[in-house]
């Protein structure tokens, strides 16, 4: 371990984790309401980022030839609107006809959707990575001076430098997450979703309009994904790769337990943390392993503590 | 003098703070039909689950021969000769009837996976021998017409019977039946009762039975154990249990009398 | 499998009932079909040669996946990664210790199977989607390792090495027509082995885990042990397929197509073909590979019409096409082509009574 | 209030399950629907409540009217809106929700105020005081009888005019069966909800109901007042398990040949 880097990487990791946590929430939401593991969520995230880029007219360097040049806030609203429509369309035209099919078929449909979204995005916006018209300059930083303890500076640390944009994304992610949890727990729409998630036929029998609940979940997931996409893009720009980055949300939700929002958030934070902490290693292979560290972690967790941190135990009967 | 085949002693089982079984004791004699009755939630299925190794009681032991079933790995219990059926039928829905029964021959087949893949020598021999055995059970249970039907597509009553067949295919010495007559009409119950009695008489299998239909229980069982709220509240022959005031109060209650009144016309 | 036998045909012994090729006529037909297939690439070495080789190793990988996912019910997103393991294993054994191809291919299977076991370990405690995540982890970890570990053997960050042409009986299999003798022979062997799985103890244990794991356990099936076997067989067949692919392409590395996308396509092929059926891998591979050829052709035509967008069109066409085909199949033919085939066969046999 | 006119139901376009079922439920009446497994009782209920559609079933002929309105093409949520609520077989719960949340789901579609909701909950707790005690428990951990209460309570929260009950006694102990049916009677008497009860337990069903229908092979084969049915010789023999002589025969005495005859015939 390169101890000088540890506090710095720790903070960066947590802040990165915020966005992951939010993306994970979207997956958990869909899972909780309709028991669909949405492998296309990463691609919805990517699409969201592209849409904002598109509506905002790209960055100032790219602006020529773009059909729109909306202010950032308006572009976000426009992108969210499109994402909601995409979410509703996905539910209506691909998942609703699949109602009652086995787990594998449903997983595969979302994998098919992922391919479809990837292809469509490439077709519409090209293969080149784009700059993101972020309202926050990605180079501005917040520096935290660590005060010396007992008149002595700690051996390996005098200050932590945080990118401003990371701090902002973290705060936005956490606020969004809290709003959704409150919604799910305390509103009637939330109860509808919770009921539907357990047993579709039963939900239907008590008069819940199940297709509407699914549609609503997908719409909300579209919103969450777009916000997540914006946050990711603010840090690393817009490209097809965002989908792969967002896929890391899967280890995150498994870590927290598939059915728990709190768990998804914590899982996101932990995964963000682990992916950054390996960079503080002195071994080059470990340092390079940020992209797979979450998967190694999840493999270990699956062997040692499979129900995750907050997952509920199944009520199993024979 | 018949000997004790299955000795359940001091079994206690909890899930978290929820105590499901309290200090249960009873002994199943060889070649007997032993019924477990009691209200819903009394712990009957949990008790069966303890015997078949699906649940692990915190206290007590279940002795079967020289084995303590509470300490035997789950997959090792069937090979000892203990087979069961399930309250909510647990068949392999994607396989046909023959293969469901063949799947239960698993423990009687010695072929290793390489022999299986080559379908040579022992594997081939075993498959054919066991197929013969399974077809005999199918014939015995009169389900020859649905031999090649995928069981997921069959009606409830037949699936119950296939499940009985699957348990028989294990060649058990003890058969645990969890509500074999649930959801059947009087006609179907008669059939099932006859099969159970045939298995008992012809194959000498000891039977442990959970059943709500008092008519069936009282008619066919030798011994009855009554559970309520996880405790044993009565035990004895059907006649003894039927007239046990404690049992009547907790379980049989009016329902029993009602069926008698209707029976009287 | 439920089967309806041709009218007038009755079996008089269980052995006969359990055969795949039930009479001499079927045996002769099978021999003729095999002979014709061996000859097939000669008809069009430019197109059929590569296509048939691609089909052969794809089907082998699918047969493995079919054991794990179709029979045992454990969804795997890592099949392509296990192919990569086999590909490297076979290549390295041939390059560094000069093993002949008939040894490196089974060895590749064993090595990939062993790696498969590692990722099957979580099945001790978890099932369903959680286990799928373990395979997804394999799909990320294995290619990463090949790029970051032992660069002198595995090719380092670019992640690719050259693979020698295999030689059998002194003949170098240096073109698709010759190579097909090898790949098709291996396919015949794997077909026999995997089909035997479905009719024996092993296959029934797998299906019983898929259909009702709790009951299976109480009936004496050791879940962990059998899930590991399924993982091993699936990864081993992937390894064999990967070995063939590597020698055919004469190169191996992450850029040769062993990514998550490939794993997903394999799973898609299996479902389209018919999950858990013997014919599923064949139907799925043939259908999708032929359709993909059509799609590539269409993409190329479109690129000619819109030359400005040609790069975009070419890269986007494949995922759009594959995604759409997969979704449409799942919606309209969720039980796969093998199921449809059985219905057609049954209708044919019941003629003239069928509707 | 409910009129089912000669309906036919087909599953997956091919399997004919109901072939001409006609029945009626009057205002405030309790009607029971008897029959063996696979006779089509549950299908009839699902045809009424609209739940067939989600299982690829379809009413292909005949009509279902409720208060003079055709309902056979409506979606389940529209039908609940009209005041028909079905209590599904096997007392399915939202297992991971609390008892009170389960009850609240029953009233979701009505969009009532929180005060009204509170009042409705109190009403349910009046019928099932036990549930008040367990209101914050996760419902999946309740016993079978308690779960049945939650399920019926949830249906009450819909303020229905007609309740369709699918085998409320399934798997319950005799004493609990009596209990549940007594509450059903009480609900009927106090809030005037009509009931259509599908039951295997003909005994208790005919005690509670005023009118009954008997189904076999997708048809109604017999109907009449509960009293008349209870005294019908065929019903006695096949559904109440009483021999022709008026005495219940023992399950031990079922003859092999009789059983064989039935299965071959």
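By letter and in written order, the chains are A, B, C and D; residue numbering begins at 1 in each of them.
Definition applied: a residue touches a chain if its C-beta (ideal position, glycine included) is under 8 Å from a C-beta of that chain, and two chains touch if they have at least 3 such contacts.
Since the model is a prediction, treat every value here as computed from it, not as a measurement.
More inter-chain C-beta contacts link the pair B-D than the other of B-D and A-D. Relative to chain A, the chain whose mean Cα position lies farthest away is B.
Centre-to-centre spacing of chain A and chain B amounts to 49 Å, using the average Cα coordinate of each chain. Distance between chain B and chain D, defined via averaged C-alpha coordinates, is recorded as 29 Å. Rounded to a whole number, the gap between the C-alpha centres of chain A and chain D is 45 angstrom.
For chain C, residues that reach two or more other chains under the stated contact definition are 214-215, 218.
Contact with two or more other chains is made by residues 318 of chain A.
The set of chain D residues touching two or more other chains comprises 141. Residue ranges of chain A in contact with chain C, taken from their complex: 37, 94, 97-98, 101, 103-105, 107-109, 111-120, 122-123, 126-127, 250-251, 254, 258, 285, 288-289, 291-292, 295-296, 298-299, 302-303, 306, 316, 318.
Across the complex, chain B is touched by residues 35-38, 141, 143-146, 167, 170-178, 200, 203-204, 207, 230, 237-242, 246-248, 250-252, 254, 256, 259-260, 262-263 of chain D. Residue ranges on chain A touching chain D, taken from their complex, read 99-100, 188, 191-192, 194-195, 198-209, 312, 315. Residues of chain C that touch chain A in their complex: 69, 75, 119, 121-122, 124-126, 128-134, 136-137, 140-141, 144, 148-149, 214-215, 218, 261, 264, 267-268, 271, 275, 311-313, 315-327, 330-331, 334.
The touching residues of chain C, counted against chain B in their complex, run 1-3, 14-15, 17-18, 193-194, 196-197, 199-205, 207-208, 210-212, 214-223, 229, 276.
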